[in-house]
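One structure is given here, and the rest of the page talks about it.
The first chain written gets the first letter, and so on, giving A, B, C, D, E and F; residue counts start at 1 in each chain.
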Amino acid sequence: MGIHTYFQSLNDLERIIRCPGKFKFEEHSVSAHSWKVVQYAKTLADIEESNGVTIDWKKLYEITSSHDYGEIFIGDIKTPVKHSSLELRGMLQQVEEGMIALFIEENIPEEFKPIFFRQLREGKDETVEGRILEVADKLDQIYEAFAELRKGNTEKEFVVMYRSAIIKIKGIRLHCVDYFLERILPDMVSEGSNSPIDIASITNEALAT
Amino acid sequence: MGIHTYFQSLNDLERIIRCPGKFKFEEHSVSAHSWKVVQYAKTLADIEESNGVTIDWKKLYEITSSHDYGEIFIGDIKTPVKHSSLELRGMLQQVEEGMIALFIEENIPEEFKPIFFRQLREGKDETVEGRILEVADKLDQIYEAFAELRKGNTEKEFVVMYRSAIIKIKGIRLHCVDYFLERILPDMVSEGSNSPIDIASITNEALAT
Amino acid sequence: MGIHTYFQSLNDLERIIRCPGKFKFEEHSVSAHSWKVVQYAKTLADIEESNGVTIDWKKLYEITSSHDYGEIFIGDIKTPVKHSSLELRGMLQQVEEGMIALFIEENIPEEFKPIFFRQLREGKDETVEGRILEVADKLDQIYEAFAELRKGNTEKEFVVMYRSAIIKIKGIRLHCVDYFLERILPDMVSEGSNSPIDIASITNEALAT
Amino acid sequence: MGIHTYFQSLNDLERIIRCPGKFKFEEHSVSAHSWKVVQYAKTLADIEESNGVTIDWKKLYEITSSHDYGEIFIGDIKTPVKHSSLELRGMLQQVEEGMIALFIEENIPEEFKPIFFRQLREGKDETVEGRILEVADKLDQIYEAFAELRKGNTEKEFVVMYRSAIIKIKGIRLHCVDYFLERILPDMVSEGSNSPIDIASITNEALAT
Amino acid sequence: MGIHTYFQSLNDLERIIRCPGKFKFEEHSVSAHSWKVVQYAKTLADIEESNGVTIDWKKLYEITSSHDYGEIFIGDIKTPVKHSSLELRGMLQQVEEGMIALFIEENIPEEFKPIFFRQLREGKDETVEGRILEVADKLDQIYEAFAELRKGNTEKEFVVMYRSAIIKIKGIRLHCVDYFLERILPDMVSEGSNSPIDIASITNEALAT
Amino acid sequence: MGIHTYFQSLNDLERIIRCPGKFKFEEHSVSAHSWKVVQYAKTLADIEESNGVTIDWKKLYEITSSHDYGEIFIGDIKTPVKHSSLELRGMLQQVEEGMIALFIEENIPEEFKPIFFRQLREGKDETVEGRILEVADKLDQIYEAFAELRKGNTEKEFVVMYRSAIIKIKGIRLHCVDYFLERILPDMVSEGSNSPIDIASITNEALAT
């Protein structure tokens, strides 16, 4: 009980491996993913600021660093399961939120409860910070899938991951999305040009969708 | 498409690790777990037969070997999630069955579809074979948790796993359950007597529940 | 001593890695292999039944699930060693059988000894179940080798494994062998067509041998 | 070249293992450590704020998330080496800064160079954010060492790590340090009371130093 | 073919894990074991020299560094198998030597063949160098088993390994054996005094055998 | 204290992984590397002897087997760091030597101190044995990098490692260097001819430098 329980629980996320089941050349823990999301989001927010957008850095810090904390309680449920129906998705989110709430009630001292309730809420809302988090989360999906495709991993799952993340990102209205599409993605595609998998075609098809 | 797709998919279960997140001295794949369940069930059924019970070996073979195949599609969702509400549990089972059905429809040749639908159904029914599967599945939970407790793993999760599996098993009416409680469990407890964790007390408390 | 010792020993096979020494993109435990053999054998037997052959499911269950149990005692001795001379092969098999017999004598309760002696015997005899086990065991060798070849593993060992398993299988008279050669193998070869290694040629050469 | 190179480089920190050489029950990547430092710092800053201290969240975000980025270039050099002489420490820091500067010059687009120079600087200065980072970094050292001591790891290195981090933290003037010493550390010590190693004594000795 | 094939083959020994099957807190490759044997043998030979014994360093170098090279061909066959009968042991050694001879014939250039035949022979003969190799090899068995016992590993196999290696060593007449028994083993036992396993008793019993 | 401490410390090198950070298909411990260097050096010295050169085998044994022992104290510092300035390199070497000297002073019995000071010194001097060690060390760098390039690893680091080791080796005047360039390297390049990376061009460019 107490903040100690919370601090110690963070360790569990280093033992949850993303995308379980499929063959991967590189495995990634939820902790490492979370850290990369924090890093991407920082640069994406810098791009917004350089375009005159105001960033609430405290909020961005809170929602990016904690965005997958709930996986301690529910695990890394496969995306197709989560998305199989709106009803199931809602119910899973409700269970996750219920477990987080129970954890806060049982472990967090009274004076910090409001802070934890705010921090461990779902962060992907319509604010600029919420949208940056969404882009950063998908960006790591792109980097993880790209690293597999580039090494010739033929599991279809990684094409799906790469493609669906591009489609999701390009639909979000942010300056940093433009920057990603114009300045980052072309470098990535060019680097992957000697892969046995035709990354350029997959990318172009996704962009044209 | 075809039986090849099915055979190849089996490989994925070697990459799904049971009980993700918690610290473990030994990790177990769903494949290895499945094999141990097949082995336990065989001996449990031998015990039933030696008590005059008739076993449908074909059915037992089918339901034990395939009992976690659905995890290829939904992953190893944490038990508390599955059991958080009857409604969610039902919905997750429905999604799993839907994904298995879709897999069969898309990949299995027409003449084998009925066989696969039968084999990949939920096997834990009220028949003697279904109850043996339930015992065998919980037995592996006991062995996995026992191996951690015996080495001094202080994660509470393993006490919960060990204890709840004993409680579940002792409520099932089978000759092999009596045999387990009288002849196997005492050997296990005796072997764990030099553990830093008091396995005997946990066991006795669970048996008295 | 008792069934507990036997159940606990099963765990050891998860720590014996197949094909030690050679570079592999994917490692496989003997447990996971054993489970896949159980699964293949089930479908192979279904194919036999659909062709009117009678299957003794209890026997098939026993011999497939336990077929590599002896590796707990002798380890995964390299195939070329086993096959270097008929005399050595016989002697190793004798040692393995002696160790299994000693294990049964020392650990298994009197009333189950006959059952364990029957179950842990060498199962690859001339019955239909024995031949199905032989096919299922080689099939996993094919799948393990194929997964390496497809990813561009240039170790010669995997070509040898793949090729020799095909040659072995095609010499076994079973309906399921015909099915494998006509309906499963072509799907596999087609899937491996974009591998840097010419899997189609290796396959055709093996089939023509 | 470009932000892509920077984003991709983040991945390397998941492959650098902390405290190489010594036996550990749990291994930690620099990525996972970095994420935990981000999380601890957030709560530590919340404690400061609740005591009326103003936090520059953007700065805290920048310095905590990037604080070990330089290990991509120099690796995880053992602490005794770094601290063997002030001169060597200074020289190593200079090399690290030089490599970071070169990386920025060669890869980061002109308009973001000032931002990256600011973010990738050494963050442990005398500001409140710099001191929070120092505490958060040492806190993870405590949690990593504690997890080993609690499991009975007898390598002296972990006693040294645990003890020196406590001594370092208690010398830093922050409200969150008081909170840690009064509300978090006692919970930790109490949880470790059944360890074969006398964590309470080590803790008390360190606190009295 | 050529020395390249030989050099490259050395890599395979890093993928063969010693003592497969049993639970271990630490795994050791045959490469790492081989290097430690080289290191121990060097110091053991220094002890002999300091007692006036003449060492053939070239021979010692050759036999220690190559003593497990044959495992590339036959794997790490479990000790009880090797020792189950003198006949089997002889036959396995013959197969190993045959495979090494074939490897040399097929790969090593004519002018180096005599050198390789000499280097890759069984080195544990009655010369002082052969006996030092025997001690060094058993010493690593002691260190590997000790590291497990000290951490509380309750697998009986490690008691057997530790005990049988002490008994073997104490029967070899060398100055370095006296040194080991009088100056090294007591330090080891003293270090293991806080283990849950009574290492002192096991040691004393073995010494008294 | 005593030789026991030294023998036990050898184990730590099995846990230090070479080339940390970069993606690798195969990981190598410093122990395994050290053993391969011992093996290469033996054959390189055989080549020298067959050309009439006298080898001090005791010295060669001592310097090759211990050449990376110092990494226990300082870790595997990245090459660019070590080579960033002559001054830093000198200072790091001084720290390493100081730590080794301290270890000897504190742990090694008086009568063996001179032997250990001689053995654990930097061995890469201008004698024939020192030059053989240099070649053997770089040879393993070549083999490690080659294994990655051959599998299509596109990390630039491995091209740099492969290329710089060839350039270093060809500048050393030894008969075994001629043998390597004329008889071993061509076999290697030929074996790598079906790699997605043009190993022949990289090799030729390095040889022409």
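Going forward, a residue touches a chain if its C-beta (ideal position, glycine included) is under 8 Å from a C-beta of that chain, and two chains touch if they have at least 3 such contacts.
The shown structure was predicted, so the numbers you read here are calculated from the model rather than taken from an experiment.
S.K.: Counting one step for each move to a touching chain, how far apart are subunit A and subunit F?
M.R.: Minimal hop count between subunit A and subunit F: 1.
S.K.: Between subunit B and subunit E, which partner chains are common?
M.R.: C, D
S.K.: Looking at A-F, E-F or A-B, which one is a repeat of the A-C interface (more than half the contact pairs shared)?
M.R.: A-F
S.K.: Farthest chain from subunit C, going by the mean of C-alpha atoms per chain?
M.R.: Chain D.
S.K.: Pick same or different for copies subunit D and subunit E, depending on whether their interface residues overlap by over half.
M.R.: Both copies touch with mostly different residues.
S.K.: Which pair, A-B or B-D, has more C-beta contacts?
M.R.: A-B is joined by more C-beta pairs in contact.
S.K.: Calculate how many whole Å lie between the centre of subunit D and the centre of subunit F, each centre taken as the average of the chain's C-alpha atoms.
M.R.: Averaging C-alpha atoms per chain gives centres 32 Å apart.
S.K.: Can you work out the whole-Å distance between the CA centroids of subunit B and subunit C?
M.R.: Result: the chain centres lie 24 Å from each other.
S.K.: List the centre-to-centre spacing of subunit C and subunit F in whole Å, with centres computed as mean CA coordinates.
M.R.: 41
S.K.: Show the residues in subunit B shared as contacts by 2 or more other chains, in ascending order.
M.R.: Within subunit B, the residues that touch at least two other chains are 11, 13, 23, 25-26, 147, 152, 196.
S.K.: Using the contact rule from the top, write out all pairs of chains that touch.
M.R.: All chain pairs meeting the touch criterion are A-B, A-C, A-D, A-F, B-C, B-D, B-E, C-E, C-F, D-E, D-F, E-F.
S.K.: Please give the residue numbers of subunit C that touch subunit F in the complex, ascending.
M.R.: Checking each residue of subunit C against subunit F gives 23, 25, 152, 154, 196.
S.K.: What residues of subunit D sit close enough to touch subunit A in their complex?
M.R.: Within the complex, subunit D touches subunit A at residues 1-8, 10-11, 13-14, 26, 28-29, 31-32, 34-36, 38-40, 42-43, 46, 50, 55, 57-58, 60-62, 65-66, 109, 111-112, 115, 119, 139, 143, 147, 179, 183-184, 187-188, 191.
S.K.: Using the touch rule from the top, collect the residues of subunit F that touch subunit C in their complex.
M.R.: 25-26, 147, 150-152, 194, 196
S.K.: Any idea which subunit A residues touch subunit B in the complex?
M.R.: 11-13, 15-17, 20-23, 71-78, 80-81, 84-85, 87-88, 91-92, 95, 98-99
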